[in-house]
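Step one of this worksheet: look at the structure below.
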């Protein structure tokens, strides 16, 4: 009917979908949607944010004496929504390796129960991140400002929740949560990255942190820092070996300035300082300082020499 | 009345608007809004995304046996909304070069008809992008995860639609669609860029691809890669010459790692590899590898040497 | 009741909140929410955008003959919403240095009155930014396209409003507005930065501009440019000295290409050109050109030599 | 595809629609929607309510010193929305009696201009209704309560606007407005009814007032009162004669109690009282009182005799 | 915590709910919500209204050439939503008389399939109602006005859908739909009532039509008419006998004026006229006329005698 | 500017508002909105409905094991919203009789505390109403159906809450709640009416119950029943005497059929039956039956005689 030959386009699109489904070895006629929902995860993470920080990130008219009622109801709703999503991921994974539905259900419930039990610890870690941001940025006026304004703190709220999902064998949910944060902040942290307390990302746009990165206490990094892999490890047959450690280990109290790139399973020793735009594929000893001009022993560094820092 | 002297501010703002309209040689009293709407385009691109991938990006309760009904109605609505926007762009352009309304109407309808007819081909190309992302990232678990999570895939959905609008002489609509993707993903692809199938952008934040760039089959790039112009070509009178080729040509199966900058109408030969943070303004032969240390012949490269890669 | 032991999690979260409040020396039982609201500011900045550019950024069905009614009502609503937020910031600041509520009220009203009075001047400055973007990007077809599409222009609308709040001693509100723009565009401009008219940021993702930066007339910068501090100035006791000038001064008509990093209180002289990816911690004379290869005298630069430019 | 044979139902519904359009002598393929929109009218009447009573029925955060800004913008928006609807009605009417579009446009504009000019007078009349409700119901505590709570007052706001549209030859718009009130209150007043000031309907459910009814000053009626027609007047050929007076004339200060039915072009004289459930098809002299037992002379009525009243 | 002892109220409410569940012999701990949803039915009936009358009650920007796409998608969505509700009702009914889930599923699907197949016939019947309203009300200007404005027509759209559900053994869904109409229009038609084509209810508020009423072709009734039962039939043991005919039979072309009450299984013969407020518990012969004064033979009625009619 | 002379209309409306405010002896320039909000009350009553019947009228995805979390949070929010409204009413009342703000605050808090404490009792009473509706209507299939569908039950939920507000000296809030129910159901119960448990209103449209009515246990009434006042009592000076008993007393187990009108402080004795459309201004003895034909002694009534009942 329509002047745009909608009928014909619909037919052609159906044909292309059919080809895709055949190529992917999927049934042309299937039951329903078996994949987790980005929107559902977005909503429940928003709810968990509110339950973790009720007076700052909860509803604007919340009173302190009603906090627990709000936290309890919000958690109850968010955890059951998470249960739905966990079921979806586990069933999705099981489509190639069928197993009893009751087993999936039990695993999903166990995962959500463990996730719930981890929330107080996550809040405690996030409190250290907030303090680190407040102390690390002289422009910050209060911990409240940090919690409400700083994209690095927002990214860490999402990451600590995503990392918990990753640890609980729900990597798809974890990945979706990580990409939600990426879209909001321009900070791309793989949910597998292990990050200790007191972590501060300033400015943040363009930061990339890989799956097997390990980051110690009170580390500070700036915008456009990459903690990446040098190459994908392959086995004797040239096949990719997944899960091997391939990203940097960053020890306690390291500072990495804007635009620096650290690649491979190298270790940056405790208290080292990596200058802006530095390209680094080797270990750095504790306390050392690396600039674009090369590695320097901490003691030898003249007091007056400027460290390349960020815009703060 | 108000304590903030709203009346006076309103007067002053009217005065400034008047100056602007005079400077722009516009009538102070005009009829209405003659410019395409960012919100309307955002809505219709969302609809087209759903129509292209109904079971993954359509409504969450869609069943496979209702796909065609959904696709048909959604296309019908989106294409007519696009027709409205196409009319707005063409009338806007025609304000300095008046021509018959019927001619504009015919052009708008032809453009939307051609756009509709191109959709199945666009879906087919996007399927190759999804496969490329799945194969290019060892961390990817499934094509579905790639389609739902990866910002690089999202950016390509928008780009392939924007590029079609660009080819159909609707550059403003194309530009608005491109900026919508830029805001969502941090990936900035000019709608004029010509990109063949199987294109994969990993992480993506900070990628910039210019208007006359040409990209071959199965190319892979990482975050913060720039494919830019060296300088704007000027004619004998020093005037900018628009539309001349001024961005790189990237041949099939090239890989460009994070932070690399390639400027000018250079050609990167088939299968070449450009290392991270490389600054490049010259041609690269097929199969070669370029690191910050300089160009290397592929055969001469020792097997053990690490390639600078990204965070995956 | 619930299988997820919500009651127990609620108790544990209350316990952690209590610890935090103790550590922050806050009352465990407090009255209400005393911090400005990100959502409220987002809404009112949207309204001010519409009031500043009614026919382009106001409601899509606005007619030119109803502009003033719309502008007056929208300003009236937005300014009073701003008054609420200003009160919240001033009371929040006053919690450690109590002072009479009437004094706070008077300061809040004075600030909003001054803010209102500044709006026409802000519109005039933004008009110069729009013209600069139109002239600086040969791909731009019209000033309207620039206003609706370019993230650099969007960032400047937010910045000029945020900078006004910063000048009026409302730094928290200013910071929240700046972070709203950062989230939307990937452009991170501290609200304290002083930027003259005709400023153009192309592409923009990853740009960072620090608090004491000073930027002259008709400056143009590209994506991922940093105007940062070298180090935080400390006094004789090693304490951070806040507010000292520590970011670059960029004089009129300077151009800074993508990825360049300029650190510290250096001055880039009028009309200088800074090449892509350049790392710069020293003054640059007027008219000079700096590439990764080093500083060049303008007159010595051969006409044919390519300047490293961005993707436009 | 679907188990419900949607395709077949769609075909059958198209067939039935086709038959209907043939029976109504309409083209099977037509341009668009040519009828006024109930939703659009609902929205604009809500806006006019707010413009008429800004501090009571306008937005809840309106301040008195911002009233005029709100009123001006809201009127501007509502009147132009009304202009759209007026055009739709006039074009709809003109489909059987074509006339120049410019003539229709002029009539629509004239009607809306006259409507706008009538608003202050309508507000003044409504003020008398509010006072009447306050005085007529001993349970009313304030004029504000009356304005916010009483369905009879709500019905009169709609009626006085609908009646103005009716007088301006926009009977379809008027009818839609009247039915909106009917749905909200259960009070069904034909927009043609002429009702003077100080009119009060208590409780209201089931009230019906016909097109040619004429009601004087300070009349009071209760729920389920009908002011109807006895029969439709026909001419010598038995055809319905439209527009002839066929509903009651109710003079000043009459009271009609619940459930009374008054039919035909009878006159109820000034100050008369009609008892509950009375069935009346004859004139009633001024000052008389009618109960189910029959007509009584005012003077003869013993002081102690109860008048049948309503639930107040 | 809260000053209102919310904890204590919650406990008390739980206690009362427990008592209720015990009294109703329900488990205190149950699985979920097993009852149909009023909101879901409201939404799907709105969708069906649009699918039945796409150009009048569908989306305001629908074009005639996109009707079938809209109708197909909307039907597809609405019918599957109805399937969900039908399952809920059947499972709810089965809680006291358990039967196989597959049997319930089959019944639900059969019912929805039959419902879908009945829609074209329902549209055809509704067309006769629209024509009847147009012809029956001299104030009506067009069939479109009737369809958009008249509460009696709205009530019949709901009733004809509800009656279909009732016939398909889904009495709860049917009842909810009927009450939705009752809330919108004040017209209360039991979904079991059998009503032939060309039925017109004018004004409508207060109309009540009982479950076993039977209404012929082209009947017209006015506001506050009741077609009720005299008493509930009881069996020899005094128990209520459900489902026995106990409401009036109204033959073709009868007119019943406002406020008339007809009770019991009486028959009102073809073409009879029942006057306003008449109380009737006996049969009326065809062609007769009944006023409050009693039954009259049609032929004996003098031409000039007024019939009590409604407000039209 | 506008063709509709909006400026002039705004001026005229301001003038009329000024006259009104003068006539009402109000300041032309006032602070803000001091009246309770209909929207706020509508929202909070919806919340209380959910808190009272969580699994039937709460959110559709509520699970029984999360009930208490939902009830606690919802009550907490609704009670504090009610506190805001109570403050508004008390301050409004105090504008003519000023008293200390702290006294008003204490009264508002006491009222809400008492209201909260009364909720379990209200739920218990409503359970008896639900049972009465189920038993009183042979067409009802379950108590759940009754709770979700019956307008009479909905009206009683609102009334029992409104009556509690009325008892707590918040008559304006009570009145607004009553009118919300009136708008939804067509049932108009004054919040002052005292109604014992097991009350059932069938069909309901047009029911009116006055302020001083007293209704006993297990009473059943039908649509369009009025329990009204005969006349307003006046004192020796002819002034209205407010608050005197002026509406009927209806004893336990009375049934009143549709359309009956009972006026004045009469008593209808236990178990009496009032027939349809009866007009009654005198006492009725216990067990008696009244039809339009007059009063009958219960014992004398022949078994076969039909009682005038409603449409059920």
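Before moving on, here are some points about what is shown:
Every chain is named by a letter (A, B, C, D, E and F) in the order it is written, and numbering of its residues begins at 1.
One rule holds in what follows: contacts are C-beta pairs under 8 Å (C-beta built on N, C-alpha and C of every residue); 3 or more make two chains touch, one makes a residue touch a chain.
Bear in mind the structure is a predicted one, so any value in this text is a computation, not a measurement.
The chains that touch both chain B and chain F are A, C, D, E. For the touching copies chain B and chain D, the fraction of interface residue numbers used by both exceeds half; the interface is of the same-residue type. Mean C-alpha position of chain B lies 26 Å from that of chain C.
Chain A and chain E, compared by their mean Cα positions, are separated by 55 Å.
In chain A, the residues that reach two or more other chains under the touch definition are 2-3, 6, 61, 63, 65-69, 72, 75-76, 80, 186, 205-206, 224, 259, 277. Contacts between chains form some other arrangement here, matching none of path, ring, star or all-to-all. Listed by label, the pairs of touching chains are A-B, A-C, A-E, A-F, B-C, B-D, B-E, C-D, C-F, D-E, D-F, E-F. Contact residues of chain E toward chain F in the complex are 2-10, 12-17, 19-20, 23-24, 29-33, 35-40, 92, 171-172, 175-176, 179, 182-183, 186, 188, 190, 205-206, 208-211, 224, 226-232, 240, 242, 247, 259, 261, 263-264, 277, 279, 281.
Of all the residues in chain D, the ones that touch chain B in their complex are 1-3, 6, 65-69.
Looking at the complex, you find that chain B touches chain E at residues 61, 63, 66, 69-70, 72-77, 80. Across the complex, chain D is touched by residues 51-52, 54-56, 60-65, 67-68, 71-72, 75-76, 79, 109, 112-113, 116-117, 119-120, 123-124, 127, 138-139, 141-145, 148-151, 184-186, 203, 205-206, 223-224, 258-259, 276-277, 292, 306-312 of chain E.
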